[in-house]
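Two complexes follow with chain A in common, the first pairing it with chain B and the second with chain C.
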Partner chain A sequence: MTFDILYIALLTLLLLAGVWAVMTLNLLKSAIGLAVTSAILTLLLFLMDAPLAGVFELSVCAGLITVVFISAISLTKPLAGAEAQARDRSRVKRFIFLPIIIVIVGAALYALHPQMDLSLPPAGAEMDVRQVLWNVRRLDLVGQILVILAGVFGVVILFKDQPDAKEPQGGTKS
Partner chain B sequence: MPALLIIVPLLAILALNLPWMRLMNRLALWVGLILCLIQAFLVILHPDFFWQAPSLWLGHLLLFAPTVDYLSLVMFLAIAIVGAVALMVCRYSVPSITDPAETRTCANNRFLVINLVILALTGMNGVVLANDLFSLYVFLEITAVASYILIAVEKGADAFEGAFKYLILSAVATALILAAIALLMLTAGSLSFTHVRLAMSASPHSHVVLAAVAMLVVGLFIKGGLIPFHGWLPDAYSAAPAAVSVLLAGIVTKTTGVYTLFRIVISIIGFNASLQTLLLFIGAASMLIGALAALGQSDFKRMLAYSSISQVGYMILGLGTGTILGIAGSIFHLFNHAIFKSLLFVNAAAVEQQAGTRNMDRLGGLAEKMPVTGSTSAIGFLSTAGIPPLAGFWSKLIIIVALWQAGHIVYAVLAILASLLTLAYFLSMQRRVFFGKLAAGFESLKEANAWILIPACVLALITIGLGVGIPWLFETFLLPIRSLL
Partner chain C sequence: MMAHAQALFSTGVIFIILLAVTALYCILFSRNLIRILIGLELLIKAVTLLIALAGYITGHMALAQTMIITLIVIEVVVIAVAAGIVIGAHRHNQSLDVRTLRNLKG
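Coming up: the complex of A and B.
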């Protein structure tokens, strides 16, 4: 019971931090929100007996990626006052229906009360993650090399300076 | 040995990025083309030593023994052809550091784009070879990551918008697919297609399995750009550079969305009434809404993008019949679509590059100045609309006959109506772009160069050849599909 309450509390916090990271207009706060989300997820992973996944989540997602984000954000310039206000207004308009939809869907699900057995079967025999990685899923390591290469080309192609970006062409959108 | 289709391109990319940059710059395109041609010849000549003989050292190194069936071979051929065409269009439309006029462009786009195209092709080969759900997911992601970057490569506002929409919706699809994989792993204890299929047939009414299947199918609908998850597709196709549009429309969404759905339905889930109803409904909606939306477009590439949604609808409709004939028609249409949609995007690239616009309202009479582009475009659109004796006619006919035989008469009638709509919007496109009086300002327009005319002519010849050679194809292409079920 205590565990259930702890899980529910952590999941609620995770959701709130995630929503804050997406909704906040300040990039720095958004990056911090993401780091908090990762930190809460780390706690959940530890509680669910996945310490190695927790360590990766904490060191890579909450640590390294946040540092990279904050470094990049420190190189940007914030919007001027009037421009920022106009953006805030359009953003509020865009998301105003989101909480209403969530409430309606929640109420509908509560009213319908679907009888679904979603209890999960127990996980199979656990294997050491190193063994899985090196002795079972070697093809996926090749895949990982390919993803890293794609990321490297992406950084080079998108972040290198190009003097004249092409003007958009084409007809009207619909 | 088929695992070499992943390893050799990976080694090629590593070799291309060795220090001799000037030399590698010149070689990159040829390396990509040779890889694609070898892949195409391996499928056409089908040497047993490559496809059937197990490679002990490679199997030991990767712990991977792929099994290649008929559907995989069709996909490998389509990937090779569209990949080669995309690389040639890349040579035509993407600037290189070796061009004197572009020496200021320090990013040397062409070389990097070629590398990313080879990466995307490798990812797609991996998707086709995978016989395990997690490996399938890994290779889907490789293809997707390379595609996001390729769409944004021109760095304009439209390019970033297209790439961002694809990234966000693809991330949603990824989350759904990954969650489904986790549930299936818990249920089956393994992720190989065979184990998951056995576990699913052992507990067909488990709510966990049903939830996993629902998430998997919806995730793949998003990847395939089907209605109502198509929001990213027109922006991504139209904002991407010409070569990338060819690759995306010709093969990427077909492999990551449609092929993967086919593979999962055929090899894992199997057919049941609920799934077939869902596939038929989504297929029909995509077919009709895509065609209606294409009618209202004035941007050449956006119109082709909506047309792609409509044609993918046909494929899903054929799959939804659950019969051998329907699946055969769908796979044939998938291959045909890869060819004729690539052809139409190649033509759009030629028009955009030569005329400087894709806005069909500002174009007109271009066939006078660009006769090869105009003629091949006519072949492409007639095949898409299902006009005999071109390839598209036969694949659509087989799908419609399969629908009729399976008792889905309403869907068969809708498929015929959508074909008429396809003819309407393509006739409108051909009239506005290529026929009639030459539009003002295009008096000095010239035909595109060989880098775009050669792929256009080859694709047009394949479209005609597949249509005229249907008696031969029936034996070699359609009947072997029985082995899949």
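Coming up: the complex of A and C.
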């Protein structure tokens, strides 16, 4: 019973934090909202007996990715003055429908709830997560290493200091 | 037990769909590149929750955790590279508006 109440409360908080992250006008607050969403997801993962995934989610998603977002926001120049006010007005007009859509979709899903055919497969024998990670899904680790290397090289190439390339004289222009 | 698991899964799926709708709305209607990345992050959060929920209900939590860890690694790399591209686009165009990225149009 306690599990169910916590589960529903955390799911509701997760959705509210996600909507707040999308709807808030300030980009920094939006990034913080995303970190809060990650923290709530971590609590849900702990509740569902997934502590290792929860720790990864908390340290990497709520920590590292928030730092990446805040760095990107601070490295880019925000709009100011009348331009910022016009952007905020336009944004409010575009996002005012989001809560309405969420309520309509939520109500429709709740009404269709009994008709959903979510047949579940039989539960299998539980193994240790380390055993699965290092023995069963060993190739995933190779894939992860390759993805990390691709990301590192991508970032290095993106931020590499390039010598000033001169425009070719008489180049084709369209 | 089965009915309880079914109820848990159904409730979770409703919230996951709502979170995915929020993320998709953000991706489709935002004009700021960083906000689009935030929408992508929210979408990945919904997928993470779906994997965890499926693992919890089916009793394959170890496998689900392994897949979540792989997903998180991919997520970090995608966001890091995308943030680099966003900063590069801002240096080039002096704007984060997606409408300014029309150099290849036509």
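Everything that follows uses one rule, which is that the second predicted complex is superposed on the first by the 133 of 174 C-alpha atoms of A that agree within 3 Å, B and C clash if a C-alpha of one lies under 4 Å from a C-alpha of the other, contacts with A are read in each partner's own complex, and residues count from 1 in each chain.
Here is the rule we go by: contacts are C-beta pairs under 8 Å (C-beta built on N, C-alpha and C of every residue); 3 or more make two chains touch, one makes a residue touch a chain.
What you see is a predicted model, and the numbers here were worked out from it, not measured in a lab.
**Q** Which of the two partners, first being chain B and second being chain C, lies in contact with A:Gly151: first, second, both, or neither?
**A** So A:Gly151 meets both chain B and chain C here.
**Q** Is it chain B or chain C that touches the larger share of residues in chain A?
**A** C
**Q** With both complexes superposed on chain A, which partner does A:Phe95 reach: first (chain B), second (chain C), both or neither?
**A** second
**Q** Does chain B (first) or chain C (second) touch A:Arg138, or do both, or does neither?
**A** Only chain B is touched by A:Arg138; chain C is not.
**Q** Would you sort A:Lys160 into first (chain B), second (chain C), both or neither based on which partner it touches?
**A** First partner only.
**Q** Which partner does A:Leu14 reach: the first (chain B), the second (chain C), both, or neither?
**A** Once the two structures are laid over each other on A, A:Leu14 reaches chain C alone.
**Q** Where on chain A do chain B and chain C both make contact?
**A** Correct list for chain A: 116, 118, 120-121, 123-124, 136-137, 140, 143-144, 147, 150-151, 154, 158.
**Q** Which positions of chain B touch chain A when the two form their complex?
**A** 3, 6-7, 10, 13, 61-64, 104-107, 109, 112-113, 115-116, 119, 122-123, 126, 134-135, 138-139, 141-142, 145-146, 148-149, 152-158, 183, 185-187, 189-190, 206-208, 211, 234-235, 238-239, 293, 296-302, 352, 356-361
**Q** Sort out for me which residues of chain C touch chain A in the complex.
**A** Counting only chain C, the residues touching chain A are 2, 5-6, 8-15, 17-19, 21-23, 25-26, 29, 32, 34-35, 37-39, 41-42, 45, 48-49, 52-53, 55-70, 72-81, 83-88, 90, 94, 96.
**Q** If we count contacts the way the header does, which residues on chain A are in touch with chain C in the complex?
**A** Spelled out, the residues of chain A in touch with chain C are 4, 7-8, 11-12, 14-15, 18-19, 21-22, 27, 30-31, 34, 37-38, 41, 44-45, 48-50, 52-53, 56-57, 60-61, 64-65, 68-69, 71-73, 75-77, 94-95, 98, 101-102, 105-106, 109-110, 113, 116, 118, 120-129, 131-133, 136-137, 140, 143-144, 147-148, 150-151, 154-155, 158-159.
**Q** What does chain A use to touch chain B in their complex?
**A** 116-121, 123-124, 135-140, 142-147, 149-151, 153-154, 156-158, 160-163, 165-174
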